[in-house]
């Protein structure tokens, strides 16, 4: 940490800061400029908890140097993490495709979609049983019934399964039926839910919050890993900006940024990011081209009648075509399905 | 709802849309322009659930006309809501001040602050017992112990009390000890928590999410009210923008916007919005001047040693001065403490 | 400036950085932590131009300590600037009101509005003769003809006049007719125009860019002042965010932030910020309450037929009422019209 | 255009609106709902200029249906535009690479870089002679001297040349020396400059403004084309968001969105968007994968000593490797260099 003093801070003010830090057992290093003095602080900054140095007299600002996340930080874990789900490994060698409807609607719908998803070579079927919806009057999901259909799809087609959870109760239920849990964007800083996801020991897909910085996202991952569960995969799904031509703005730069800052796998969801079917395929290719470890894509047998997010769901034809087109990009990335 | 067709849509495509809508028992009204046909839809649009009109052939876009929130909508409830908490009423006649530390740290700390808060004429003491923190390594709150101190402060000084809740368990605990529950910005779209807050029947302070639109905020309020609990107060606390000179950007225009769209009271929290002590007082005055129903302000007996958010907390001197200065603004607003 | 090295940077890499800096005649101060070494740099950093230290091997990041703007910086000019325009002084003792139509449309329109503006006690009439419009098909202004009407209004009613300029040619023309030039939000980083505004020697109102940080805004002011023209007044007019209930988001925290960072006066334009007539009055009061040096407000004799921005223009009745209501807030701020 | 009336608007208020519209020679179509009446307006809406329908009594809002840009709109020009520059065509069959230094610094520097750029197969050398810089104290460019070096590089290596212009004077000078003019992000709404660029008849590269919506960007293109110059190429270069891990947030979804809304070619600049060298290559590949017509990339012979934007410039080795890697993506896109 670095402490920047205000211009022409008197010596006594500087001493007060350095004395306080040294009393706590940390070292200080002064750089005395013509106008400004800066104080480098060396040591365990947890010892300074309960000292708000920033509001001491003549202190201008504090500049943190080290990130607050450790377990999700590449600096302390240089090898990329591989998250095993069933017989599949999410990581640097594979390109993981999670496809399926936004919401599980009926058994028949899910089985029809799962069969198609399997046919294309995707490894996961996704489907929401607990839907966080902006309005209380929108369809909220089939809950445990939906989970049962997911388990059936797994059994019938040998697909891995993933489902969003929105409460402790949903985690308990989902853990019995599916292979991987998803924490949605709106819950990325629901710290209670993160801790419970950590305690479940299940593989977790952690979506980026709508307005979360990459640092906050990695801190959210830290909550899960700190409970002893290292099986975290990140998912970029668009951030909120002023632009309204797409539902959110897909931040593909997050892929190389995460690669540099963290060892966790990162996948991309172009369906939720754009909200428009026609933009899904080009951005799916782009995601693979910039190094993503996988894709989450909405597919529906009848998008015109989907109960949730139909306009962004691919038809079977579009999805089949995309999977065919993606092969060359996956090979270029040195990966395989 | 209005449906806009793409330029030069063939008659058959227009018919397909209008037939489908009429089959569901709604009326359609055509406006046929030189290039574009638009279809006005009249009737209960819930009947169209499961029809994704937007992706029918030749449909360009759907324009919603009515808001999805009803119970929090001023159109259907023109009179301003007054929320009673203990002997105090939050609403158009009063200016409600909620002041106290970000986090409850010790019994002594809370009692010291509560005494001071009472002295200034504020009606509520606030204090966090469950703290949502970006990093899992930051202080997370005293939990039930903190709530007990709140109850004591209430008893000793006759103040109303408010505390943030972050889980069902926290709601149950807090309902036993405090007068009003706060849903924090990070949980504004934790729909499970909103429903539970609704079921508690307690007065709820609903903070705006960091990247929530005003429409989403009112939909979040709708979740609470739809559970039969109309005692909702909104709190503007800054939104996330590109500007970094303040922690968030306080959106004071939200006050007159809410006044127009909703009947719910709205208060302002300049402490969390700015993150800087020196900006709290000017923005507190501004909030009262533009019509806010109250203020939430962080006050600490020893900000230099606060365990959370010290840099934005007012000292007793600053807070006392602000309360004195506010009197004239409160009178100008036609309100009283 | 501080240079942060990557964790476990070898000594040779640290030496390469410090040697390079010392060769240029600056001092370095090391803080060697367990993982990270930081280098404080003391001296004139202009000597480092042409050295991109940030991409030297093992350098993690550079942290600037001092602002790049000097002439607009309060640190080097603690006294608030007073900008004299005609017989009026914009600064800490006055509350300056600039009111008038978005666009000058006809002589009669401007004279009618100017008479009303004068009657309320405002000191400036504003009116656009060169209109920057998103679409080339919108009304673009009367140009020099509009300026002549401004000069007439000044003569007839003794008002100071202000007009936006969008090109060198416009500056030349406007300098002949009006008292103060306005640089609009879209031109805040039109550096060529800023320099020419500086060279004109005229008082300049510099609006904040739609997505400008406060630091960029003060750097834009620096361009003007660096040409020898210290007569700069800043104008906060809303920034672009994701919220669509208002046209832009008025950032009132910018007022106390500017007060701390700069000595320049700052006024607020609630009309352009919100785009909605009903929100102008509450936010005008809020602006005065949080310390603004003035207001820019759109007033029109017939908003229903205004050629530009009618929906946000106040009628004479509304404006008269607002001016009456503002008196108490102006007195509370220790100012006078 | 659609006009939405407030709930329960009286018949007289509806009549006032429809009468006014019909008087101007447009048609109206009513959709009368239980609560809300909406009025479809058919005809040339320019006839309504000077009528601010939005503030008529009982009018709730206006919903525009057709875009204000026509000449840049794909609806009226379905074939993709091909912009010819020298012997090269920017459009759907080619992948255009513009590479070079941020700023032209010396003759030797530019010639060295141009030779390398040529060797890799890129078709354009870029280089700034007029630099818009946030601070007036940063290097501002060599101006006409820089342009002369550009002309030399063209002559020596047969490369096409492009240079940013920031004023009418710069347009005049650049038109003599280079093949294509660039309007930078900060000038995207400098309408005077857009008009002059249009009048020059030169091919124009129009960068997206830092906070410009796609609609505003296409309206800016409209200013140029409306002057009789259809040779406009768009360039996505990152938008301003709250995320600070990259300098701006590259909005790759803009590529398919532009493809749908406009016939103009669109290229991508990952160097300015990210500001970090390591992120350029992955995002360059992503841009090609999602359909971009080209790339603008900063390359420098000695990034450690570049006078502007060194940290994001590729070395010759990195750039050569990227050009090699891109070949497969260019082929997959059905394009050639």
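So that you can tell them apart, the chains are marked A, B, C and D in the order they are listed, and the count of residues begins at 1 in each.
Keep this in mind: a residue touches a chain if its C-beta (ideal position, glycine included) is under 8 Å from a C-beta of that chain, and two chains touch if they have at least 3 such contacts.
From a predicted model like this one, the values you see are computed outputs, not experimental measurements.
Visitor: Suppose you hop from chain A to any chain it touches, then on again the same way; how many hops at least until you reach chain D?
Guide: Steps on the shortest route: 1.
Visitor: Greatest Cα-centroid separation from chain B: which chain?
Guide: So the farthest one, by centre of C-alpha atoms, is D.
Visitor: Roughly how many whole angstrom separate the Cα centroids of chain A and chain B?
Guide: 26
Visitor: CA centre of chain A versus CA centre of chain C: separation in Å?
Guide: A distance of 38 Å separates the two centres.
Visitor: Would you mind pulling out the distance in Å between where the CA atoms of chain B average out and where those of chain C do?
Guide: 31
Visitor: Which residues of chain D are in contact with two or more other chains?
Guide: Residues 211, 240-242, 244 of chain D each touch two or more of the other chains.
Visitor: Quick one: which bits of chain C touch chain A in the complex? Just the residue numbers, please.
Guide: Residues in contact with chain A: 2, 4, 7, 27, 29-36, 38, 40-43, 63, 65-66, 75, 240-242, 244.
Visitor: In the complex formed with chain D, which residues of chain C make contact?
Guide: 46, 49-52, 54-56, 68-69, 132-139, 166-168, 186-187, 189-193, 209-211, 216, 219, 222-223, 226, 240, 277, 303-307, 310-311
Visitor: Any idea which chain B residues touch chain C in the complex?
Guide: 211, 213-215, 239, 241-246, 249-257, 260-261, 273-274, 278-279, 282-283, 285-291, 328-329, 332
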